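In the two assemblies presented below, chain A is common to both, partnered first by chain B and then by chain C.
Now for the complex of A and B:
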């Protein structure tokens, strides 16, 4: 491999890592919901894309600068998260994990179809910020829109970590995820924590959806299934319930995805990500940051 | 008429798909890999009848064996993990199979046309039924003979010791393990049976649609596969059949007059059904009521 190829390879990995913050945010969302509810919310990525769409809808009604779109997406994501909890989780008994799995699948289809219905299935352009800025560093070029996505993702993660580890709400969330009964005995309202977790993950998801839109330049309901799969893969590689794991795994998956795309083309790249996942499941089922688990 | 016969074919094949997920769900595992085994069955059976001119039944047997073997191979590493991890692992396997066929080209010149799978364009000209003079009705009968056979086998399995063992693992793994059940063996066998059924289903699917492509075997099909047994209830095999009729017959075909709104209603109705009947449409309570009704009628007739 000569020098030019090497530069191209590093460039594509860097682009991927920058975009990987989106995956990291989605992974965090899946992990948090799994942490408190011990249930999978398969509609999470669809709701994130839905929130990004909703922000576009708001923006078309109200004249506002493009930055506002991200705030709107976050707000819409929070509302959608609360709705998902109400419709898909609240009224289904805890003893039926399969029923909630199915109801979130139903919600995934429902959200996708609402999007298709309101937009007639046509992809919409999403406002990208700093898309004309290109920062040259040595032989490499960093795209402004990707840099913005990366910075936004990092800010979002920092706020989330502060929220989880420095506030009472975060303490309550972590307590419920460790031992629901004991935390209830300490006076924590489990229902309240559950709803708040859904709203917070919804906000994170909304931002992730907006970031996806900004990085790709458009939104399409076709994005929700691949993002669901990628988010789940990131969750597993990072280790269930581990937020730092989800962050690192998101960046790694983003980088490797672009690396394989550069090497083998877009039609084969996901195949290698799946193989990576299998490698993790076989050798490190507990994720990146746990000691290798023994067989059960 | 042909429309209804076609619908009955679809219901039959999807029942096989649902039953393959049913076996795995009995042991309490959620597998999104069924679409992958279905795809393997479809491609293998199609290639055997088209490229090697094998008879259909033989091709179906081979695709069943391959589906089962693949499921067994996937089962061992995947079943070391549980819950969400297993969902992701199996979903990833299904996607990997789909991507494999997306990149898989093996074509043979036959007369003026090329036969065989061709990457993203799919696998055309699986014309076994028209070439051998099978009418629509023959195909319907053939599919439903297999469906009835599989359902009878699962029904019998459910009532035997095997079914009890499967359900024991599904209800409480620790308790099952402490009574001396080898849970890994049970889970892998359930997965293998599921793979065999999915392989047969896929083989039939390839032949009645005559054209298969990778996109048909995506994650949507995998979620449909687990949706049938969950929606229908895991108390017995008829729940799955009922759910397939409910989804394919009522929600997809029956609501066509609603136009665009049909798709909106589809997801909403699944959510509603899960909220109202979290244990499935045909759960233990409904079965008890049905049994009581039947026995009361019987008494009246006897008296």
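Now for the complex of A and C:
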């Protein structure tokens, strides 16, 4: 491999890591809901893409700047998150582990269908910020739109961590995830924490959906299934319930995905990510940051 | 202060409480003894609102608690130190105490109370930044008590606070119970350790198979009979 190849390789890994923040955000969403409810919300990535679509459709009449579209995606994500809780969890018997898996698969398909029917399945252009900016660093060129996605992702994670570790709501959320009975005895309303977790992860998902649209330049209903799979892979590799794990795994999966795409092409890249998942399941099933059992 | 009348709580079809009536007097220590599986924990969880009763009433100074959410019951001034302590393992001692004060909004008052807990339980002060899951059993029990006190309860419920602790620590826990009571907190205590319980209690009840089978003061029944019935149930005592 000569020097130019090496530079291209590193360039593609860097692009992948930047885009990996979207995976990290999706992973955080899966992981947070798993943390408080010990349930997987399979409709999360679909709802995230749905929120990005909603931001386009709601603002289609006006020519809104990209920032407004992003904010709208976040808001729509929050609303969708609340709806997912209401439809997929509130009235479902939580004691049965398969029940919510089924209800959220149903929601995933429903959201996909709604997207396909409202847009006739045609991909829509998504606005990006700083897409005309290229920052040269030595022999590398960092794309402005990807850098924006990366910075936005980092800001989002920071805000989320501050929320979790510096606020009363965050304290309640962690309490419920570690010891639900004791939380009730402290006067914490578990239902309220659950709803707020869905709304907040929904906002995060909406931002991730918008970031995906901005990085790719468009939205397509075909995005939701691969993003669901990527989000779950990131969650498992990071360690179910671990936020730092989701962040690291998101960036790693993003970087490796682009690396393999560069080496082997787009049709083969997911194969290697699956192999990575397989290796983790065999050799380190608890993920990078194994979360010690917090429940009795 | 607390009046429980004809309380029935069931797990599915199995009634764990089959019509329990008892009274806890204000300012006193009332103790509930009984063998494993008698329904003591079920009673505590029902009073705290974590379990909903099928029938019966739970009145605190006349106000009905049955049917309220656990959060509402905490706001009425009832706190439970649960069986097995149930501290938040991945939260610091300090955060566990903050969680206990979840419903309070007087920041200054909460901080002052945390300082008071640290003064009363010096081990907790030393370990304030340590994760609760890394504490010893005795320290976790102190933390569970302190966390419950952070909600400023009028009535403190305690479910087997001595469970699995070394004798010295048990003695310390009972000292704390007596001390809290002297400071004016009404205490309703579930115990297996009949010997220690009878020393601090003003009143006690025996529970067997979901029913109250004896009510009295510690002098009223010979200690070995209490112990026999508390550990083994009536069948053995009769035989």
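By definition in this document, the second predicted complex is superposed on the first by the 287 of 296 C-alpha atoms of A that agree within 3 Å, B and C clash if a C-alpha of one lies under 4 Å from a C-alpha of the other, contacts with A are read in each partner's own complex, and residues count from 1 in each chain.
In this section, a residue touches a chain if its C-beta (ideal position, glycine included) is under 8 Å from a C-beta of that chain, and two chains touch if they have at least 3 such contacts.
As the structure is a computational prediction, the values presented were derived from the model and not from experiment.
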Chain B versus chain C as contact partner of A:172, first or second or both or neither: second
Partner contacting more residues of chain A (chain B vs chain C): B
First (chain B), second (chain C), both or neither touched by A:188: second
Partner chain(s) touched by A:10 [first = chain B, second = chain C, both, neither]: neither
Which superposed partner A:34 touches (first chain B, second chain C, both, neither): first
Chain C-contacting residues of chain A that also contact chain B: 296
Chain C partner contacts - residues on chain A that touch it in the complex: 168, 171-172, 174-175, 178-179, 181-189, 292, 294, 296
Chain A to chain B touching residues, read off their complex: 34, 38, 40, 42, 87-88, 91-93, 96-103, 105-114, 116-117, 225, 228-229, 232-233, 235-236, 240, 267-268, 270-271, 274-275, 277-278, 281-282, 285, 295-296
Residues of chain C that touch chain A when the two form their complex: 48-50, 69-71, 74-75, 79-80, 82, 84, 86-91, 95, 98-100, 102-103, 133, 147-148, 151
Contact set on chain B toward chain A in their complex: 25, 30, 77-78, 80-81, 83-85, 87-89, 91-93, 95-96, 99-100, 102-103, 120, 218-220, 223, 226-227, 230-231, 260-261, 263-264, 266-271, 274-275, 278-279
